[in-house]
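Here's the structure we're looking at; comments come further down.
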Amino acid sequence: MTAATHNPSVPSAAARHASGSSRLRRAARALRRSPMTLWGLVLLLAIVIVCFVIPVAAHMDAYTTDTAQMLESPSGAHPMGTDNLGRDILTRVLLGGKSSLTVGFLTAVISGFLGLVLGLYAAYYPKLGYVIMRLCDGVMAFPAILFGIVFVEVLGQSTQSVVAALSIVLTPYVARVVRSSAMSTMNENYVQVLIGLGAGGFRILWRNIALNVIASWIVEVTFVFADAILVEAAMSFIGAGIPQPTPTWGNMLYDSRTYIYNASWMTLFPGLALALTVFVINMLGDGLRETLDPKRRGQ
Amino acid sequence: MKENDTPRTTDTPASGLPGAARRPEPIVQVNDLCKDYVTRGFTNGASSVFHAVKNVSFELYPRQTYALVGESGSGKSTTGRMVCALERPTSGSASFEGRAYTDDSPALLRKGIRSKIQMVFQDPFSALNPRKTIGNALVEAMEIQRIGSSRADRRDRAVAMLERVGLSSAHMDRFPHQFSGGQLQRVTIARALAVEPRVLILDESVSALDVSVQAQVLNLLQDLKDDLGLSYLFITHDLSVVRFIADRVGVLRHGELVEEDDVASIFRNPRTDYTRRLLDSIPLPDPTDRRLMDGPPQ
Amino acid sequence: MTATPTIIESVKPPTEAPADTANAAAHNADSPLLEVEDLAVSFATVDKKWKTTVEGVSFSVGQGEILGIVGESGCGKSVTSFSIPRLHDERTTRYEGRITFDGRDMLSLDQASLRALRGEDIGFIFQNPMSSLDPLMRIGRQLEETVRVHHKNLAKGEVRSRCIDALKEAGADKPELWMGKYPYQMSGGQLQRVVIAMALVNKPKLLIADEPTTALDVTIQAQLLRVLRSLRDRLGMSIILITHDMGVVAQMCDRVAVMYLGQVVETAPVRELFAHPSHPYTKGLLSATPPLSGPRPERLATIEGSVPQLSEVPDGCRFASRCPFATGECRTGKVAMRQVGQAHSIRCARFREVHDLPFQAAQKKHDAAAAAGADDSTGKEA
């Protein structure tokens, strides 16, 4: 028990502050107890810094072709070798990471937001929910890549249209998770209590149910992040992603496929980068799933 | 004679014979309340109607406790939810101080009945948001009903309310999972009272509690009723609790009110076979009187 | 007025029940069917320590006797009853003490003999009937399976007739019809009858019923209690009845063990227990129950606070923190069971002074004292 607790006239600001700092402490304790979340977070941060900062800081150049240095194997000057046009693969992997992470992040934010809104309202208004869920089923019936290709074909090839396509394809997954989580929350009596107090739909949804949905939502959003990176790579691989010459892991893999036997590094390094990033994000998601589970809290 | 089941308080107007001139107006009046549920067949779409509550009428008088008793499926909770305006009746109405409210719009309910009638549920764990502190839950209730001038004021009121139900300001910033069931039920009572209602609907509110804790909460409810001038609609299956807390009792069976009387009369002189059977089924805590074992096992 | 109350105290002459109990028990008076001595049950925690949840539990059940184990949630009554046929996961459970059932040392039996024993010599009835029934299997098949597990060579017709007999015994009105039904087609009361039939189909010597009627309506509860009672009266089965309801104990049991926080705190024959409750906890439980007869009280006597978590078991007497009689001596050392009457013992350091004092009087004194100091009874520490 803290010293302040016995004084009822303690200003509320102090109490709020106390609960705020204890929230931080709780989060720190939870992180210490879940190495998966901690490592996921640290590694993802490391990947982001490496991909976004190093190329700029080191004035790396991913575009100049150099026919004198084509398909060189890894060496001191080119740690990951060069590609068929003599471009430094390390630079291209880092910049490819920048595009991949950007696409993944934007998609996660957009479909995370849309999914949360759609899922919550679908749970709260059953008739609207029926319509929303059938639409989601419709979108989910298409393979993500197919949908992406069609979309990019219509909107024109650009980062924006890739993000837009991926967001539309992945939103239903978030919406489903949010809806089912919200529906089980709505069965709790405190929702009845709120109705009995005269609370409106907005308060019930956003200031009560949302609090209980947020954990599974965050987890789902991290998975969408990873999925978006994978699907973007797949789209780039078949030429429907971010247009050349901007490097992405997908189009690097595409370029490498004819040289896979005599210049395996061209395939190896972007492939490894892609696998590592997706793995780290999934690890973070799994860790969060455990950390945020209310049954494991407060022990 | 010196009868045993004398009503506890002297100012309980509805006890004794009705019709006396000083009898006050009921605070809640329930008229012919009905609730039907329609179930659709799986294959042919044919629907069948289930009558959960049939023509239930009763009056709750100020500062009184009316107990609705019945077994599972008797419609007692549905009745409670309709009186609390959580569910709309199929027909019939309930009125508060003479004004029917069961068909009001949500906005009208919010301005009217929501602050007057509050409900306390059986399971306190489910009745509180697990991710909200106790303090925030109480403050939120006052926010919705626009009680209190500022957040600080509401927090002060919340502390006062917690102290009123036997908790303290130390509990304000804790989460529900840090409490025992009995303490949490005190919290839900405090939250219901935070909006200054006149009537509490207690739906099996002490049934899930251990005997020793149940006694504490029952005592608390008695005190609150006297101090704040509340009226209770007490929904339960437990007749020993009814005998302790109720002034008047209505017995529900299959959605119908089969008997209604003052608590003393119900226990001394049940007029229907069903009530008698209910009373005879209670296991008496007296090993020298094992009448429960006399009946047939069918 | 001489009202004839339905509930109120009409004094009946002692009924036949205790007499036939005595008869049934007389044959084997010196060798009880089940004897539990100083049982302690520990469970492994996540960080690989042992946490003792139940300790110092001793009781015995005679041939054809109904023993009631009573207490509030978290007092260890279910843990204790599960320990008799060793139903806890053996990898994470440690038993100490001694359990003798029908001459066998239960704690040293191998798994095969235990399996043979469960369902054959010891039957189990749980609170929620659906947890013991397969929702996708007809009642008949589930019952027949219970028989076949233990009697592999029985003829088909014989198995079926045993099941029908068991259902009849459990009070089924149309046992043949019930055999063909699925669980979802039946009511809660009917399902609990099926579970009872399942427990007794192999004619066990001991029936362990864990809150068998708690989830049921009071009228159904009365019927099922009569069924259980008749099993003892007509078939001579021994029953351990676990409940939190003092009324059920009074109506059903021959002897009672009251448990609090993992310990038996009082054992006595049922009439003795209700006539002279001696442990402060028992006194408190009885006076906290709203009475069904006599004058209606203004307020109920209460045991203050709530049952502590098993992880915060106090030193000394486990009830001391809530006990109106407690003094300094109660808060240190272990308290043993002491005899206070014929077959009547309590676990209380102040057993001499306490056992005649009424609970309420002590409570008033205690309240007055407590009102001066700060109230620390509420609030489980976060």
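Each chain gets a letter, A, B and C, in the order it is written, and its residues are counted from 1.
Here, a residue touches a chain if its C-beta (ideal position, glycine included) is under 8 Å from a C-beta of that chain, and two chains touch if they have at least 3 such contacts.
Quick caveat, the model's predicted, so the values are computed rather than measured.
Among all pairs of chains, B-C has the largest number of C-beta pairs in contact. When each chain is reduced to the average of its Cα atoms, A sits farthest from subunit C.
Subunit B has its Cα centroid 48 Å from the Cα centroid of subunit A. For the pair subunit A and subunit C, the distance between mean C-alpha positions equals 54 Å.
The geometric centre of subunit B is 31 Å away from that of subunit C, both derived from CA atoms. Within subunit C, contacts with two or more other chains are made by no residue at all.
Residue positions of subunit B with contacts to 2 or more other chains are 168, 170, 178. Among the residues of subunit A, those in touch with two or more other chains are 1.
Those residues of subunit B that touch subunit C in the complex are listed here as 1, 3-6, 8, 71-72, 166-168, 170-171, 174, 178-183, 210-216, 218-219, 222, 237, 239-241, 243-245, 267-270, 276-293, 295-298.
Subunit C makes touch with subunit B in their complex at residues 1-3, 5-12, 14-15, 17, 72-73, 171, 173, 188, 217-219, 221-227, 229-230, 244-253, 270-271, 273-274, 284-286, 288-304, 306-307, 378-380, 382. For subunit B in complex with subunit A, the touching residues are 84-86, 106, 109-111, 114-115, 118-119, 121, 123, 126-133, 135, 140-141, 144-145, 151-152, 155-156, 159-160, 163, 168-170, 172-173, 175, 177-178, 188, 191, 195. Of all residues in subunit A, only 1, 5-13, 15, 18-19, 22, 188-190, 192-200, 203, 207-208, 211-212, 294, 297-298 touch subunit B in the complex they form.
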